[in-house]
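Chain naming follows the written order as A, B, C and D, and within any one chain the residues start at number 1.
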Amino acid sequence: MVRAAVMPAPGEPIQVRDFETPELEPGGALLETYYSEVCGTDVHLHEGRLAGVPYPIVPGHLSVGRIVESNGQLTDVEGRTIAVGTDVTFLDVHETCNRCWHCLVAKATTRCPSRRVYGVTYSAEDGLLGGWAEQIYLKPGVQIVPLPEGVTPRLAIAGGCALPTAMHAIERAEIRLGDSVLVQGAGPVGLTVAALALLSGAGRVWVIDRHQSRLETAETLGIDEAIAIDDHQPANHVERLLELSAGRGADITIEATGSPAAIPEGIAMTRDGGRYAIVGHYTDAGEISLNPHLDINRKHLEIRGVWGSELRHLYRGIGVLARHGATLGGVGGWEQLISRTYSLYQTEQALDDVRHGRVVKAVIDPKIRDPST
Amino acid sequence: MVRAAVMPAPGEPIQVRDFETPELEPGGALLETYYSEVCGTDVHLHEGRLAGVPYPIVPGHLSVGRIVESNGQLTDVEGRTIAVGTDVTFLDVHETCNRCWHCLVAKATTRCPSRRVYGVTYSAEDGLLGGWAEQIYLKPGVQIVPLPEGVTPRLAIAGGCALPTAMHAIERAEIRLGDSVLVQGAGPVGLTVAALALLSGAGRVWVIDRHQSRLETAETLGIDEAIAIDDHQPANHVERLLELSAGRGADITIEATGSPAAIPEGIAMTRDGGRYAIVGHYTDAGEISLNPHLDINRKHLEIRGVWGSELRHLYRGIGVLARHGATLGGVGGWEQLISRTYSLYQTEQALDDVRHGRVVKAVIDPKIRDPST
Amino acid sequence: MVRAAVMPAPGEPIQVRDFETPELEPGGALLETYYSEVCGTDVHLHEGRLAGVPYPIVPGHLSVGRIVESNGQLTDVEGRTIAVGTDVTFLDVHETCNRCWHCLVAKATTRCPSRRVYGVTYSAEDGLLGGWAEQIYLKPGVQIVPLPEGVTPRLAIAGGCALPTAMHAIERAEIRLGDSVLVQGAGPVGLTVAALALLSGAGRVWVIDRHQSRLETAETLGIDEAIAIDDHQPANHVERLLELSAGRGADITIEATGSPAAIPEGIAMTRDGGRYAIVGHYTDAGEISLNPHLDINRKHLEIRGVWGSELRHLYRGIGVLARHGATLGGVGGWEQLISRTYSLYQTEQALDDVRHGRVVKAVIDPKIRDPST
Amino acid sequence: MVRAAVMPAPGEPIQVRDFETPELEPGGALLETYYSEVCGTDVHLHEGRLAGVPYPIVPGHLSVGRIVESNGQLTDVEGRTIAVGTDVTFLDVHETCNRCWHCLVAKATTRCPSRRVYGVTYSAEDGLLGGWAEQIYLKPGVQIVPLPEGVTPRLAIAGGCALPTAMHAIERAEIRLGDSVLVQGAGPVGLTVAALALLSGAGRVWVIDRHQSRLETAETLGIDEAIAIDDHQPANHVERLLELSAGRGADITIEATGSPAAIPEGIAMTRDGGRYAIVGHYTDAGEISLNPHLDINRKHLEIRGVWGSELRHLYRGIGVLARHGATLGGVGGWEQLISRTYSLYQTEQALDDVRHGRVVKAVIDPKIRDPST
């Protein structure tokens, strides 16, 4: 039997249930989970803010584990065999079809209608298709990425789902050597974006957030200045940013807050002719008010939405961890982004901690025993 | 003496005044005006909706005329001498400095703080620096474009200021062969954008407007469908567009309305992963409400503001007229965009006609005599 | 039984053989061939100039036909069902894997090592996998494109394999409204590139070739000037091109000759800071000599190879035919590019005519009866 | 009187001459030289390999000094006043016209025909317009860059003319986070390119050179592997590179050797669909032989020449020095690239050392007294 934490429906308590060990289709594999995580999307899933989710589900979309069984030979993107016993992660996005107009004509696979996501769009009744479980069933065709030398399972989960998301945001933001970059939000995505902006040659990197502890983490990354939002002086951080950027604003701003209010502010802090990437709005948090003349047309601004990620973002992201994971993120390396590790029985607590910003990254370790037994 | 129409202040009646024939600085030249025009910006100037305008002004930013005098040799961008007697137009934008951060580091000259614009940012007290006049003083450094073979003064003014603006919008929209293109608005800029989209290889071009007469003009351009806005059925045109575009929306949408309400609609009519260019908001017409999750992030949308124009837009635009001006725009060629020609004494009427959409393009001919004399 | 023309080995005579009617795998389909073609690649196949070809083969990579049978439901890229009886074409490129580094990380599927091509990389022993046959077996996964309204089978084969190749070249050349474009070579690819350059908004289009008849065809497309190569005055065409382009050369040059000598010449006819796309070298025709200082570095030139094509090139190309096929290519529309139609028994003649440039496009019609019976 | 080293003509000995202190035109300024340099271009000037050089000249194009006098107010690109006494460098490129087709239509100012370069295109008879002099005359319009905090004159000259050149090469190479980058050549430009590639987020950086000492310097930059060319085993470095890059070659290769033979090799070491930038061929060093089918077309390769530099390259390059100059380049920071400092009387020796690759960077310090006095 395999133990997993199940989200039965929005608002209902998480349940730990036992599942049958799955039988493997040809091309399928079984992963023994080292770590999964609790991210903002999981909070939104628990709040019922995503449409079309087939509850009950086993949450956990980005996970790390060890291949314990396979039905047929597995290979990675380089064509190398993945042996049983290998430590791996995998792309949570599955089943983009490579047949439809979005995949083939527009070449925008993140908008493929067949797209399925582990831990989000699969029902618990379909099996172990989420990471909050002792084992994960890798369906045939799941893109598996072996951890390269220097990337431990713990470092890989420190990257987590924020890593491919941030890789995509960075790709879309097109940072060039010397650009000044403002990152709005110092949660896992914002911090990862800031770290990757530094690695991409940004001339200066600033991070804005409301939480002092997150700003302190941001500073350990080596950014130029962490700017606090003072709710009593709501214009202060905008003024400070303009002061730091010759009155013009940042060359590139990347939004990673999920808060609608951040967007008009972010535009105001971006220079004329600059670029504004929006990656933090994975769920509907309401409307914003913009002035198309002042905020877009006259500003000659470019705004880019960033949706989903593809294998190359995960694959290259793991490569970044292999090269920089031990040094970036300051003294403790990238692993210091992990605030706390939870068992399958503590996922409610983890959801609550993420919801209230008490942790940066909440990791699930399914091997931690039930404290009650 | 040189006769010119002067806008003394917002809301005040236009006055016809006499000016001294200007003395030419070294490098300066004098243009006898064939035509100037009355565009939406002139209406906004008269309504006092632009900041920092040094009233009184001689309006008219895009004009066509004949060089009648020069102090020193004039050359065009190809290095060819421009003789006295040549028919020319010129870039209304003057004095971008080629010294500042915007010009040299960001390479965004349309945001250069030294930028001056004929007919907008010069006072009538500084001289004949607008097109509603029998003569125009070309300051040293003004970029003059001789009319090539096949481009009559009347064809050049049919292009008018909409032409470089639309060239810039098309450049920024990056249309590729086969893209479907939606144009919102069938005023001079929208019609020109539609015509240039067809020339750029768009697979289908649709135009949306409220005015039936403008839609009829759009249809003469050879577009695929002109879609009417029915105020009693405000969702109809959106539904029609989606029907025409496999339910996905256009690959590229270009806004040329100046109406804030057009923007959320335009986004709704653009496909996931598509591009949305905003060129119609040259003045502040108010705010819009957007949903950053649905409208930008999940849609993986790209939004691009388009501000001002540079010499290459005018220069290449005149080249487009030379090649296609006689055929595009249907039976009458591009000149059919000219709805009516006005004298210097009829500019109030012209402003009123443009304001109420009674004309597509209103042309000023300063040689038309005062009807009262 | 199904009749097909087989190329047994390089240099050996083509044989007409009978094949069993294939049995269809799930997802497979059978096409009754209207037309296939003989292109330069077929000549090279017959000369043994491609490596790794599994002779004997049934040549013919781009073909048009009618679905006569399917094993399971077929759908197109828009998700629409393709009924038996539909007229279609299909992408000759098959089996790019969507699993490898080239497909997923570099996103360069034309370099996928699993790529197979109908009429080139399949053996006749594997079945009816080429177009010189009364029927073609469409393997499961082959991307089928139904012919839209206005595209007859004859118009589709007039586009032929040159169409997706030229669409790719145009995409890679990034023509913008007003660019001057030089096309080297007036064979099927060169002529199609010239036509698509005109449709893409090129300001001027010039074509250079050695054969007078091809230049005449080029002129019917509406290009600006067809320039002849005079072997007795080998500098003449270069001088003429420079004369036409203000001494600077074309903004963009696209090579479609297959002749190495064309490349240094083409670079000499491209302006500083311009772009040079090479699409004509699908087989090894020898070396060229270049001067990296004069030809590339000081010239700030950009050179782009163009290899293969993907579904979007074929799909959008068929869309171009639907819109412009009847008018472009002058009086006869695009179909005038078809010089002659051959039966399966005349493919030797067709190969010879293509080899010696006696025809622009040589079409195979397998329904033409054996003249001897 | 001002002392300067003059190159009278190709092949003739350098002479130290005395010049009158220049009188300043309005807008002009006088620089007391801290440092200038001897680069490969100076060697080529001495060998007479550049066309149109108005010998005698005062060489030295990139220089650092202190403003000692100005005729009128000087400002930098940010609009800030540059006071007398400020330490500065300046863009050696002068007088791009901002009027011609290249400047305004193509937006390729490095190909402006009016372009003049300090130390290269000015004659000594025109005054102190090169850096091998105690003082340099800054003509009106010269773009002056004050040294920011943290950039000493010595660090600025350690960047030298290689810095803007390499910034331009990096811009043109479009490195994205995780790309593998091969740099051919470990002279000043190659080493700077390698350092900037690391800063731009390259996933791996390899450098190839013939000289062991240069490879050792490359290794101090933190690159992944310095690969030696072994003339007795001329295929070794190519094999090694392919081994390091999964048999595919580098994503991006940047040539900085000036040796024609490097180019076919560099292409062979670049992956299919990759990018190859050529920045090392500032003078004509002969022809290369390429196979357009194998090397460009089938490879779907992109080749980009990189000519000259603009203010933004120098300006942003100085910003990179301010941020990373003290740490990059290993223990000694960027200054360790300076191999030796020479007086005005030792420029022959410096030229000889550069010619034979005995030094990486040769700096001129005009304040070093004549050893004979």
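By our rule, a contact is a pair of C-beta atoms (placed from the backbone, for glycine too) under 8 Å apart; a residue touches a chain by one contact, two chains touch by 3 or more.
Predicted model, so just to flag it, every value in this text is computed and none were measured.
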Original post:
If you match contact pairs by residue number, which of A-C, C-D or B-C shares over half of them with A-D?
Top reply: B-C
Original post:
If you average the CA atoms of chain B and of chain D, how far apart do the two points sit, in angstrom?
Top reply: 43
Original post:
How many angstrom lie between the CA centroids of chain B and chain C, rounded to a whole number?
Top reply: 41
Original post:
Residue numbers in chain D touching 2 or more other chains?
Top reply: 78, 101, 246, 316
**OP:** Quick one: label the inter-chain contact graph as line, ring, star, complete or other.
**Re:** complete
Original post:
Of all residues in chain C, which touch chain A in the complex?
Top reply: 75, 77-79, 98-101, 104-105, 107, 143, 310-312, 315-316
Original post:
In their shared complex, at which residues does chain A touch chain B?
Top reply: 101-102, 106, 108, 110-111, 246, 248, 251, 260, 263, 271-273, 278-294, 296-308
Original post:
Which residues of chain C touch chain B in their complex?
Top reply: 78, 167, 170-171, 176-178, 196, 199-201, 203-204, 246, 316, 319-320, 323
